[in-house]
Each structure stands twice: as structure tokens, then as C-alpha cells.
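This report concerns only the one structure given below.
Read from first to last, the chains carry the letters A, B, C, D, E and F; within each, the first residue is number 1.
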Amino acid sequence: MPLVNIRLARRDIPTTASEKAALIEGITDLMHRVLSKRRESVVVIIDEVDPENWGEGGESVVAIRQRRQTNSP
Amino acid sequence: MPLVNIRLARRDIPTTASEKAALIEGITDLMHRVLSKRRESVVVIIDEVDPENWGEGGESVVAIRQRRQTNSP
Amino acid sequence: MPLVNIRLARRDIPTTASEKAALIEGITDLMHRVLSKRRESVVVIIDEVDPENWGEGGESVVAIRQRRQTNSP
Amino acid sequence: MPLVNIRLARRDIPTTASEKAALIEGITDLMHRVLSKRRESVVVIIDEVDPENWGEGGESVVAIRQRRQTNSP
Amino acid sequence: MPLVNIRLARRDIPTTASEKAALIEGITDLMHRVLSKRRESVVVIIDEVDPENWGEGGESVVAIRQRRQTNSP
Amino acid sequence: MPLVNIRLARRDIPTTASEKAALIEGITDLMHRVLSKRRESVVVIIDEVDPENWGEGGESVVAIRQRRQTNSP
């Protein structure tokens, strides 16, 4: 029973239900194809994290996005 | 100091405070009974996951619940 | 930067390096296809758990596998 | 690419954006100083957990905080 | 399908297979009793962490255990 | 009680006990300084992941390291 946990910084445009469904289906298919796992045994959990709570390179994703917007023409 | 993390797909009828308290107490008691851990050293964290973000067998829990309702007489 | 964590009960026949590479590639491709994530931003971590440490339905995977072998003709 | 996940019981006075930024910066600096990791490779994720969902010593943090308030003169 | 992850610092005397089986059974029973979860839907994963990799109060568990042994008459 | 989990791809030259102690001390100090957390309440867990099990940009860290060695003069 493979457990797959996806962690994403929540985007300004929320991840849609159909995108989540595509991720769940895609990962389930991948476990079946690569490891011959029974599809019904695959569990996928998607965590959407507040961008203020996600840091990369010493900055929060909120700060990174603001800097990119300021710098983009 | 055992750390116990419970992950649940959020139910239509939310898990109540007293159910969560019973889970916390039950797990703390179990760690004490089985592993002789000091009760005050046991940490329990309950994560409630949006059913749209939890997939089993290639479908989200939202889709699975809808299908069950449609099929139930 | 999506983080994807796969948890598997270690199998009697170990998961091979090329199967792991296929999982890493497959998940990276999926994040790119479904969420337009830059491939180099995708991190995949595979945890292989001792079957004695993985329980389903109240039994360890070791016990489940032994029962299946005993019941198979 | 070190991944650092901080789990906190949500406080009555919420953790501020600048406190989170200080945690992200502090951890990134620590990974660079101790393990010579490139700063841009360090990912930090902060999970704030509902105090009803966090148990210590058999009680939820909500119950612990209420008991402390009742006992404090 | 509740997922329960137990994290323990590996003890000098290893946690036995029967202790792990008792934890798996106990948690499965608890999920059934408190939340009416189907027993076969409960997944339990036990992570045993090297005591050098587990810190409490600024010290590793290795250092804490050594200090306790030195101080015990 | 903050829980901090550090995940690292295991390096060719293993992370030393003193480096791990410095990480544990540094994170404990940071939680105290930034969030006024009691030092003894801070738990740090370091997971060292096999480089074959860690993927970035669609490749395992093993493959990335080999490619870098081949390309370095």
C-alpha cells in the first residue's frame, strides 16, 4: 500500500479539483505501472501550504513572489 | 518521547473535540502500556485533510463518497 | 517547488534503482504536465519501511505476507 | 537540498509573518553554517496545527491551556 | 483510511516484533472504537530513529542517555 | 512544543555526530530566540535519506553526483 504525500505552496490561483484529481490518478497509475501495485491500494494526500509558511533560499514564497512581481516589467 | 501523527480525511460530520481527546488519551495510554513510556512524554498530532486532497484507488474521497451516495438505494 | 514523499513497505524483492529512477522521473513529469511546475523544482523522496514496522488492518505486513504464503496452495 | 519541517501548535496570539521569516532565515543560515549547504537549496515548511488537534501527556493543548489559566492566580 | 505514524528514538534494547504488533493492534482497535473506522482501512507506520538523530532540549538522545548513566549512582 | 524534522540526502562523507549536535542546538536556540519556546520543549529529528531514494529535477541524487564528477575536470 504505497502512501504518496504531495506538499505544495498554495498558489495565487488555487489548484483546481480537476488538477488534484489528475495528480491522484497519475500517481496511482505510476505506482501500478512501475511497481505493479494494486490501484485500490494506493493512497495520495495533497497538502497545500500557506506561502507565508514556505521558505526557499532564506525567504518566504510570499516575499519571493512579491520580489518577482516588482522586478517583472 | 514518542510522536504519533494521525492523518484523517475530513468527514462530512466533523470529528468532535471529545473524539479527538479520546484519540489523544488512547494513544498516550497505549504508549505507556506497551512501551512503558512516561505519559507526559507522548505527543499526538491529528491532521484533518480536505477530502478533495485525499485519494484512494485513483479517485478523491469526494468522488468516492459521491459515487457511494448515488449507488446507495 | 513540489515535495513528493513516497512511503513503501520494503518488499521481499527490493525495489531496484531503475524502478526508483522511474518513480522519480514519472512524478517529476506529472508535476510538470499537470501543474506546469519547472522540472528542476520537483523533489521526490522515497522511504522504504521495514515490513515489521508497517501495519494494515491490525496486522504487520510481515504477518500478512506469512499468512498469504501459508494459505496459497 | 535540506528540507526542514517545523510543526507548531497554533498559539492564541498567532505567529506573525516576521517571526516566520526569522525562522526561515535562521534555519537557512544554520544549514549553511553547519553543513555548508547552498542557501538557495534550503526549503523550510511551517505547519501550524489547531491546538485541539495537538496532544501532550494525554491532553489536548486546548485543555492544557484552559487548566493553566484556571490555576493561574 | 486513517494513517497513523509513530516516531520513536531507537532504544538501547530494541523494540520487539511483538511490541510493534501490540502497537499496530492497539491503534487499529482505537480507530475502530473511537471513530468507527473499518479495521482493514487503518494503516500504521512505525519509524525508529537513530538516537544520534533525535534531539530534545538542545541535546541528542545519545548525550541525554550518557548523562543519565553518569549521574545514576 | 515545536517539532522540527530535518530531511537530508545522505552525503558521501557522512554527517558527523558533532554536526548533528550543532543542528539540534542551533534549532533549539532559534525556537527559543524567535518564539520564546522553552528549550526543553523543542524536539528535533534528523532523517538521513539514501541518495538513491532522493530525486531532484527528475534524477536521483546518485545520478546527479555521478554526472557532476564526470563533468568536473
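Side notes on the structure shown:
Quick note on the criterion: contacts are C-beta pairs under 8 Å (C-beta built on N, C-alpha and C of every residue); 3 or more make two chains touch, one makes a residue touch a chain.
If you want to know which protein each chain is, UniProt gives these names: A, B, C, D, E, F = Tautomerase.
This one's a predicted model, so the numbers in the text were calculated from it and none came from an experiment.
The minimal number of chain-to-chain contact steps leading from subunit C to subunit D is 1. Any chain bridging subunit C and subunit E, meaning touching each of them, is among A, F; the list is complete. In terms of residue-numbered contacts, C-E and E-F present the same interface, as over half of their contact pairs agree; the other options in C-D, E-F or B-F do not.
Shared numbers divided by all numbers used gives the overlap of an interface; between subunit E and subunit F this overlap falls below half, so the copies present different residues. One inter-chain figure worth recording: subunit A and subunit C are separated by 17 Å, centre to centre, where each centre is the mean of the chain's CA atoms.
We define each chain's centre as the mean of its Cα atoms; on that basis subunit C and subunit F are separated by 21 Å. Inter-chain spacing, taken between the CA centroids of subunit A and subunit E, is 29 Å. Looking at subunit B, residues 1, 3, 7, 23, 27, 43, 45, 56 sit in touch with two or more other chains.
In terms of inter-chain touching, the protein chains here follow a pattern that is not a line, ring, star or complete graph. Here the chains touching each other pair up as A-B, A-C, A-D, A-E, B-D, B-E, B-F, C-D, C-E, C-F, D-F, E-F.
Put simply, subunit C touches subunit E in their complex at residues 7, 49, 52-60, 62-63. Against subunit C, the residues of subunit A that register as touching in their complex are 1-9, 15, 19, 22-23, 26-27, 30, 33-35, 56. Within the complex formed with subunit F, the residues of subunit C that make contact are 17, 20-21, 23-25, 27-29, 39-48.
Within the complex formed with subunit C, the residues of subunit D that make contact are 1, 3, 43, 45.
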